[in-house]
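Each of the two complexes below includes subunit A, the first together with subunit B, the second together with subunit C.
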Partner chain A sequence: MKYYVGIDIGSISTKGVVIDENNKIIASDYIWTNASPIDASKRLVNSLIKKSKEEWLNNIYGIGTTGSARKLIGKIIGATSIKNEITAHAVGTISKYPDVSTIIEIGGQDSKIIIIKNGVVIDYAMNTLCAAGTGAFLSSQAKRLGIEVKEIQDYYKRANNPAKIAARCTVFAESDMIHKAQIGYKKEDLIAGLCNAIVENYTNNFIRGRRIEDKIVFQGGVSRNSGVVESFKSKLNKEIYVDKDSHLLGALGVAIISKSESKGDKVKLNIKDIEYKIREKECAGCSNNCQVVYIYEEEKLLDTIGNRCENCKTNI
Partner chain B sequence: MIIVSYPNIGEYERIVYNFLDKIIDKSKCKILRPEKNNRKILELGEENSPTNVCTPFKYTLGSMINSLNKGANVIIQIGGGCRFGYYAQIQEKILKKDMGYDFDFINLYNGNKLEFFKAVKKAKILNSNLKVQSLLKEIYFIVKLLRFSDNIITYIRDNECYIDDKEHLKKIKNMILDDMLKIKTVNEISLKNIKYKKEIDKLINKKDGKLKIGIVGELYSLMDSFSSNFLEKDLLKKGYKVKRYTTASYLLLDKNKMQKNLLNNSKLYLKYKIGADGTESVAHTLELINKGYDGVIHIKPFGCTPEINAMPILKKISDDYSFPIMFYTFDTLNSDTGFQTRVEAFIDMLEMRKK
Partner chain C sequence: MKIGIPNALFIRDKIPMYSKFLNYNNIDTVISSDTTLKTIEDGVEIATSEECIASKIFLGHVQELVNLYKNNYLDAILVPRVYKEKNNIEACVKAMALYDILTNIFKDVKFIDVNVDYSKNITYFKSLINLGITLEINHKNRFFGAFYALQEQKKFEKNRYMKQFENINFKRKNVLVIGNEYIVNDKYIKKLVLSSLNNVNIIFACINNKVNRYKNISEQVYFSNSINVMNGVEEYIDFIDACIFITGFPCATDSLINEMIKERIRNIPYIEIMVDENTSSIGIVTRMESFSDIIEGRIYI
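Right, the complex of A and B next:
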């Protein structure tokens, strides 16, 4: 049996899966990125290896990375496929729900909609420039209210009178929350209002002007929060599917992509426990002035990201 | 000593240099070529511009500040088009009143009108013996040169995906860039034109079905690769066929003639001109759909009003023809990860659709 690894390094969390030839997840993990993708990937890979059984660890034929740190980690780990998260999510979800037509995805700092027809992506949109209405906001507000992100759903269930909170902009939403708290709203009502605001923001940004058809699958870290799921259901008035691995579908997708791109060579899953240094510099090697990220394995230059030619490697 | 400079856009500063080189009095005046756009120029422009103004304003202002710091004392700027009509005026105020630079500012456009005689008068700073007749002759030459370089570069862009020998192509490109600085006569232009066309035709060795992608949107982002994160270069490098209509010769020489035609071609969607290049964005997208392109990427700097006008119309076109259009707005962001992600996903989508 051949096995494939998919790693999704997001802004907030890092996810990893190991699948077999039938796209079945046989090991997975989910940890916080803590703004340090290299560290998180080290921990993730080591924990996957720890969970491993001999059989799959020696029979890996592809490693894929996705998420916003996919290039950096892909180079460090020697990935065979590096794919953007939109495609990865679509592939992952279609493999589990072949009849899906709408994917709602809300992650740590971005949110997207993917429209699928007959198993082919025909339209997508992703938030630009601003991270309002994403997981980062939920977690920062939870912290401000002194509760755990995981507890948000319990509070949501208890709310009878959700506060109305502005959805357009995170900063305005926060002022709204403070005002409502000061006039005596209960914590659960504030939190329910917050969940509704996330949904409101999403529908304003993405659903406007699009036809949302069944089947709808909701994924990304925020989909683990049943408060937001409930709020989506009542807003769209449609059934919404949340997979039990909804937070892993990006990693699953890129594992499947690495399977299809595999050239049939065995690869080794490991990440050296040494220090990787990152330096960003504007290269002056030619008139392109690329903003180049240099990755050093201890003192040795491992690779570069963002360069358009090879001049930057000789011209440090 | 008079040191004259001008803001940059794409590779066009070469042509401006060539033109100035022919009209200045070299005993009293020299030319400072502006640097290509880079992070330093953007930062200079950003620091001294109103926050919400669009990025081309910041780039051009930064470029001028950079030249002034290097010792320029005459700056030439061209206004025209959208709010760009007042760009030169505002930039002059920022540079002189806010920042205290002392220099001569030659603005060729007032609103949307070329002020030819005023410009001739001002040009006397550069050469006191300059005759209108010889100026006209040089303008005739430079128009020819602009046409030649735009045509040949567009020809390369249209065919780059069919050429395997990229090294050779790069050499030809560099030779053309060199020529933009060096060619001095109209005769040379026509000779070179034939020569390059032949050389390029020899390199074309295949005609297979690559993804065809059009780029439309705001002119500065389209023509200056740094300000659009090298979108066009990257797409070409990946081997896709890329079509872009907007060039300096189109804007300066053909635009007025074409407007009626463009409106007519897009009359289902447009009744009036929607300012600057908005009309073009719509009409060219329709044209690309008719030509069987796979998708269009629409780019604009943050706050570009004409392109904001075009966007809902483009969305409607995208729905009506179920034709993929990707929208992206550039600002002074440092990281291009988000942009790369969206472009990659868009291309994946086009490829999936094609299968």
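Right, the complex of A and C next:
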């Protein structure tokens, strides 16, 4: 049996899966990135190795990375496939729901919509300029109201008269919410208003003229919040599916991509327990002045990210 | 005499014409170099925060020429003012204001302005004649200079058009890049947006607004640069597999047409990329990589 590893290094959390030839997840883990992707990947790889059985550890034929730190970690870990998160999420979701048409994804700092037709992504949109209406928005407002993010769904269920809150901007939403609280709205109504505001923001920004067809799968950290899921259901008037492994679908997708791109050579899952140094510098090698990230493996230059030409490697 | 010409905004498209006119009359021209990060930083330092990325880049180019002027390497900088390039069709308001903005920012620098306004019968030919009068060129020379300059511009546009068409390659996926000429052909922006788009054939749509193909999308269009973008779409729509619309932030003229273009390019993968001076390559790389995947249409499972 051949095995494949997928690692999704996101802004908030780092996820890893090991799959077999039938795309079945045989090991997985989910840890916080804590703004240190190299450290998080080390911990993740070590924990996957610990959970491993001898059989798969020696029969890996592909390693894929995705997420915002995909290139950095991909280079350190020697990944065979490095893929953007949009394609990875789409592939992961299609493997579980072959008839999926729409993927709604709301994560910690970004939200996206992915439209799929016959198993191929045909359109997508991603938030560009600001993070209003994402997980970060929800958690900061929950903090303001003095409740835990996990409690949001319980409050949502108790709400009878959701407050109307503008979600186009986190700062405006906050002043809106405080104003509503001062005039006597209950906490549960405010929370329900927030969940509705996220959905409102999403439909205004992403759905705009796109035809939303069944089946709709909702992913990302915010999909764990049943308040937002309920709000989506009533807004779109359609069934919304949330997978139990929804947080792993990006990692699963990139593992499947590494399977399809595998050249049939065995690879070793290994992240050396040595210090990786990252130096960021504006290169002066030519007029492009690229912001180059230099990755050093114990003083030896391993690779660079962000360069447009090779001059930066000689001009350190 | 040496005159500097900024290699940005509306002026860039007409550089062959202005250079030919000046060179014919024994005036040397110095054209500012391609946009770099430093150009943008210089421009941002001078510009007000509301200005669009294209005019910030423009100011950076002017700054480069101003530095030459201050070192006595240049005698003046040419900044034409464009009102209407066709009756009833306006140029972007920036094109009207450039000269006045610059004389306000750089008070001790000599700028030469020349108006183009078809509604008042000041065509490009007439404006070159006027430029000749300003530069004290004799009657015969300014007439012949303007004549050859327009010929040169025509040749340049024709060559570019032919080159674009020759560039279509049916063995590969053809991706059309649309947007204002000064955005899509700017070296810095081009690299920022398109460097992660691999294995496709890129076609830049730069069409002169004399063609009326845009009417297929909308009968009435207010700005001349919108017309150029729409003509580009209409010209190539039958040959392309995908389309990228690069727009500068905040561009009023683009915001009037992007939904119309999206409607027109319905069944082809389409993406709008907005760039400003804060745009990092990371966000764009993710978008362009996934767009490449969409164009490729590969099924992994």
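Just so we're on the same page, the second predicted complex is superposed on the first by the 315 of 316 C-alpha atoms of A that agree within 3 Å, B and C clash if a C-alpha of one lies under 4 Å from a C-alpha of the other, contacts with A are read in each partner's own complex, and residues count from 1 in each chain.
By our rule, contacts are C-beta pairs under 8 Å (C-beta built on N, C-alpha and C of every residue); 3 or more make two chains touch, one makes a residue touch a chain.
Treat the numbers as computed from the prediction; the structure is a model and nothing was measured.
After superposition on subunit A, the partners subunit B and subunit C are seen to clash. Look at A:S260: by the touch rule set out above, it reaches subunit C but stays clear of subunit B.
Contacts of A:M126 after superposition: both subunit B and subunit C are touched. When the two complexes are superposed on chain A, the residues of subunit A that touch both subunit B and subunit C are 68, 83-87, 120-124, 126, 128, 287-289, 291, 306, 308. Note for the complex: subunit A touches subunit B at residues 68, 71, 83-87, 110, 120-124, 126, 128-129, 209, 282, 287-289, 291, 306, 308. On the subunit C side of its complex with subunit A, the touching residues are 33-34, 36-38, 188, 191, 195, 269-270, 274, 280-283, 285-287, 289-290, 293-294, 297-301.
Contact residues on subunit B toward subunit A in their complex (touch as defined above): 36-39, 225-226, 230, 233-234, 237, 302, 315, 319, 322, 324, 328-329, 331, 333-338, 340-342, 344-346, 348-349, 352-353, 355.
Touching subunit C in their complex are the following residues of subunit A: 23, 68, 83-87, 91, 94-95, 98, 119-124, 126, 128, 256-257, 260, 287-289, 291, 306, 308.
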